[in-house]
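Next come two complexes built around subunit A: one with subunit B, the other with subunit C.
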Partner chain A sequence: MSTIDRGRRQLIGFGAAAVAGIAIAPGVRLFEIAAAKAPGDPVSGKVRWGMLVDVNRCASDCSECVRACNRENRLSGATRETDSQWIRKIDIKDASSGRTCSLPMMCQHCAKPPCVDVCPTGASFKRADGIVLVDRHICIGCRYCMLACPYKARSFVHEALRDQSPEVPRGKGTVESCTLCVHRVDRGRQPACVEACAASGHEAIVFGNLNDPQSEIARRIASYPTTQVRADLRLDPGVRYQNL
Partner chain B sequence: MKIAYREINSASPRYWAAAGALALLALLGLAAAYVMEEHGHVITGMTNQIVWGVPHVFAVFLIVAASGALNVASIASVFGKAMFKPLAPLSGLLALALLAGGLSVLVLDLGRPERLIVQMTHYNLKSIFAWNVFLYIGFVAVVAVYLWTMMERRMNAYSRRAGTVAFVWRLVLTTGTGSIFGFLVAREPYDSALLAPLFIALSFSYGLAIYLLVLLVTYRATARPLGSVVLARLARLQAIFIAAALYFVVVFHLTNLYLAQRQDVERFFLWDGVYSALFWLGQVLLGSVVPLAVLFHPRLGKSPKAIAVAAGLVVLGGIAQMYVTIIGGQAYPLDLFPGMVATSTFYDGVVHGYVPSLPEIALGVGGVAIAGVIVVVATTLLRFVPERLDDSLIAGLDERVGPPARATT
Partner chain C sequence: MKGRVLTRASSWSRGVALAGLLALGLAAAADTGNPPSRVPRPVVDAGQGDKCVANTDVMRRNHMRLLTHQRDETVHAGVRPRDTALEGCIACHASRKTGSVVGSDQNFCQGCHAYAAVKLDCFECHSSKAQLTSSAADDGKLAGAAQ
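What follows is the complex of A and B.
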C-alpha cells in the first residue's frame, strides 16, 4: 500500500470517527463518562448504575456478552455445573404461544438485594451507586446468598484458580457474581458485555445512570414499557428488559 | 427416693470398641473436610445449582435434633414431671453434643472454614444466618448453665428457672433454623412461615428418638436396669411427636396444593419427582407411619427392642426428610419467567442432579460421630446417667419433688 493510500484511508477513518462522535456525543456517552467518579472519590449515591436489555435486539445465536465477560474477568468459560458463569444467555419460550426470545441474565444489582440481606458476615454488599458485590476477604463460603438469589446469578469457586486478573480478584471457596465490571465503570468505561454487544452490531444492552433523567437508559425506561424479572419480589433490580 | 447417677464404666472391650469406632468415624470426617478444603468443593457432588449437599443434611438434622433432645429435661424442669427428672442431665448433654456435631459439619463445609473468626467478628444483623450464630452460642451457654444447676446440688434450686430459659431458647433456636429456609422467598419449595413450626415439631420427634436410642443402648451396654414405666412414657411421647410433625407436613403440602402457582412444585415433591419416593417411603412410611404403628401396637409398643427400632426409623426418616427438604428444594428449578420454558448453559429450567460424594458423606457421618464421642467421654467422666431407672425407683418419685438429688458416693 502506498503512502498516499494510507493517508487517504486515515483521513476517511478520522472522518467516520468524527461523524460517529457527533452522532453519539449529544446522547449518553459524554454524560455517562462525566458521571463516572474520579479516582479516589467516594462512590456516590446520586448515581445508580443499571442496564437495559432490548430483548428484540438480542440474537439467540449470539453470546458475545458471555465471551466478553469471561475474557474480562478471566473466567474459564467452561459450563460444567461447578464452573462460574457470571452472565449467561437464557432462551425462553412461551409455553402457550410458542413465542421464543433470548436474553442475557446476570446479577440484577437489586436495590433490595436478598443476597445482601442473608449474608451472615456482610461480605455481600451494595455500593452506594447500586452495584452489588462480594467482599472476597470476608466471604466465608457459606453459599446462603446463592440460595437466596432469585436469579441464580451467583457462582461458587469450586477449585483453585490460575491466571487471575489483578483487577478482578477471585478466590477458591468464595462466592462471586457479575460486578457490573466495576473496575471499568469506576474509570468511566462501560461493562465488557455492553461493549461486546455493541461491537457485534446488536446493541441490545444500554448501560447508564438510572438516576439521571437525561441518560439514554433513563429516557428509554421512561418512554417504553420495560420489565423487571421477578418484579413480584419487589427487589427493584438495576437490570431491566425491554420487549420481553 | 434419691436418684444415683454414675459414670459409665470404661473397663470393657465393648466400651473401647464403641468409643474407638466413634473416634475413627470422627477422624474420617475431619480428614474428609481436609480433602474437601484442599481440592475445593469440585470433588464433592455440590455444584452451583445444588449449593448445599449431604453435609448440610446432616448438619441441619443434628442441629434440629439438638434442640429436641433437650425436651426430656424441659418436661422435668418446666412442666414439673418428676418421672423425667432422672433423665434430664443426659438430655442436656445430648443437646450440647448434637449441636456441636452439627455445627462442626456446617463449619467444616464452608468454602473458607479458617475464616470462622471472620464470622465471629463480622455480623450482618439482618441475616437470619447471623442470628442463628447468636442462637447457637447462646444455646450452648444456656444449656451449660442449666446442666450446672441440675448437677451441682447447691444450684438445684435454680434448675427450674434455667430450664425455662433453655426451653424458650430452644424454641427460638429451631424457629431460626426453620427460618433459614422459610425466609428464602424466591424459592417455591421454601418461602413459608410454616417451616419454623414444622421444624420445631420435627425437632421434638428427632431429638426424642435420638434420646431414646442413646438411653436404650447405654442401659443395655452397661447392664443398668431400665423399667417399662419410663420407656412406655417416652414411647408414647415419641408417638405424639411423630404425629405432630406429620400434621405440620400435611398442612404444609395441603396449603401448597391449594395454590395454583405451587402445584408444579407439589407435583415434583409428591408425585413424579426424583425425591417423591424418598418423601413417601423414607419420610412418611418408614420415618412416621411404621414407627407410629410400632409405638401404638399393644405388644411391640412395650418392647425395648421394638421401641429402639421405631426410634431408629424416626432418625432415618429424619435424614430422608432433610434430604428431601434441602437437596430436593434446590433441585427444583428457580422459576425466573413464570409460564415460560427457560434453557441455558447454567442449567435454567431443569431439575438439578446431585450425586453425593464420599467425602461429603464422611463429613456428615463424622458430625454424628463427634456428637457420639462427646457423649461417651462426658458420660464416662461425669455422672450423667442414673444407675437405675427401674419401675420401683420411678414409682418412688413424687410428682411434686424438687430437682433430683445426687447420690453421695
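What follows is the complex of A and C.
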C-alpha cells in the first residue's frame, strides 16, 4: 500500500466517523471518533468493548454463535477436554422455580482479570480498550490463567495445528480464549458470534462500546436490569446478561 | 635442523600455491564478472515481491527486528497496517507455484532460513499461505487483487 493510499483512506475514515457522530447527536462526536479507529491507530482507553446477551432471545436449540466462532477462528468444533472451545452454550435451570434458560458463555473480558494477575510472564494482558488477550509469543503454557479464570473460558492447545486463519494465529503449547474477534473489531466490524446471532434472527447479542452513553449497549444497560456472572467476585466483566 | 628446513620449504610451496589460486580466481572473476563463490547460494522464489517496505540489504539484516516490533504493536495496541504486517509480507512473498513462504527450500522464508540454518518457528502458529480473509479484504490493495 502506498503512503498516499493510506492517508486517503484514513481521511475518508475520519470523515465518515465525524459525519456519523454529527448525525447521532452533537454531544457524542468525540466518542464516535474514538470508536472508529483507523487500522493504523493504537487502541484507546476511551473505548471499552462489551457484550450484552439477552437470555430470553437465546434459543436452547441454537448454537449459531458457537459455529460462527469455530468457523472464524478455525477451531475444530470438537468438545473433548483437550479441544479448544472459545464459546459454549449452557442450559441452566432454576431448581426452585423450574425456569430454564440458555446462554452463551465465553471469556467475560473482565476489567480486573484474574488471568492477568496470575500470569508469570505477562502474556495474559488486557488491552487499553478492555479486551483480554493472550500474547502467544510470550505464553509459556503454564496454564495458571486457566485455573484462575472463574468462567472456565480458557483452553490450552495440546497438539500441533495446521491451516490456521491468517488473522487468528494459534499454536501448540499456548493458552487461548475468546478474543472478542479483535481482528474484526480493529477494522470496525462486529465479532463473528454477534453477526451470526443476528443472521439467525435471534439478535440476542449486542456488541458495543460500554463507555459511550449513546451506544445501544450502554443505553440498554442503563435502562434494564442486567447481570454480570459471579458479580460477587467484583471482576467487572465486560459481558453482561439480560433476563438471566 | 633438517625438520626446520623442510618446514620452511613447505611453507614456501604453500605460498606459491596460494598465489596461483588467487591469480586463477582473479582471472575467473574477470571472465564472468561475478566473484567466484565456494559455497552454493540459496535459490529463492521471492514471489511477486519486487518493491519492499525497505531496501533489500536492510530487510536481510533487520526483517526480524521489524517483525518483532510490528508484532508487539499489533498484539498489544491493535495497530494493523497492511504493509508491515506479517500477513502483508506473506501476501507479497508467497511462491507463485505453491502460494506459500515455507514448505520447500525454494520458498521465500524457508529457502534463506534453511541456508542460514536459523530455526523458523513463525509458521507453527501463523498461516504461511497468502490468503485473503473477509476482513483483510475490507482495506488495502488486497481488495483489488481479490476482484
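Just so we're on the same page, the second predicted complex is superposed on the first by the 209 of 244 C-alpha atoms of A that agree within 3 Å, B and C clash if a C-alpha of one lies under 4 Å from a C-alpha of the other, contacts with A are read in each partner's own complex, and residues count from 1 in each chain.
Please note the rule applied: a residue touches a chain if its C-beta (ideal position, glycine included) is under 8 Å from a C-beta of that chain, and two chains touch if they have at least 3 such contacts.
Remember, predicted model here, so these are calculated numbers, not experimental data.
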Partner chain in contact with A:G141 - subunit B first, subunit C second, else both or neither: first
Partner chain in contact with A:G122 - subunit B first, subunit C second, else both or neither: first
Partner chain(s) touched by A:D91 [first = subunit B, second = subunit C, both, neither]: first
More subunit A residues in contact - subunit B or subunit C: B
Touching partner for A:L133 - first (subunit B), second (subunit C), both, neither: second
Contacts of A:A160 with subunit B and subunit C, given as first, second, both or neither: both
Touched partner set for A:T82, first subunit B, second subunit C, both or neither: first
First, second, both or neither for A:K172, with subunit B first and subunit C second: both
Touched partner set for A:G201, first subunit B, second subunit C, both or neither: neither
Touching partner for A:H183 - first (subunit B), second (subunit C), both, neither: second
Residues of subunit A at both interfaces, subunit B in one complex, subunit C in the other: 160, 172, 174
Subunit B partner contacts - residues on subunit A that touch it in the complex: 66, 79, 81-85, 88-96, 105, 114, 116-123, 138-144, 146-152, 154-160, 172-175, 229-230, 233
Contact set on subunit B toward subunit A in their complex: 37, 39-42, 46-49, 51-52, 110-113, 115-116, 118-119, 122-124, 126-130, 133, 180, 183-187, 330, 334, 336-337, 339-348, 352-353
Of all residues in subunit C, those that touch subunit A in their complex: 71, 73, 75-83, 87, 90, 124-127, 129, 131, 133, 135-136, 138-141
Residues of subunit A touching subunit C in the complex: 1, 5-6, 9, 37, 39-43, 125, 127-129, 133, 135-137, 160-161, 163-167, 169-172, 174, 182-184, 186-187, 189
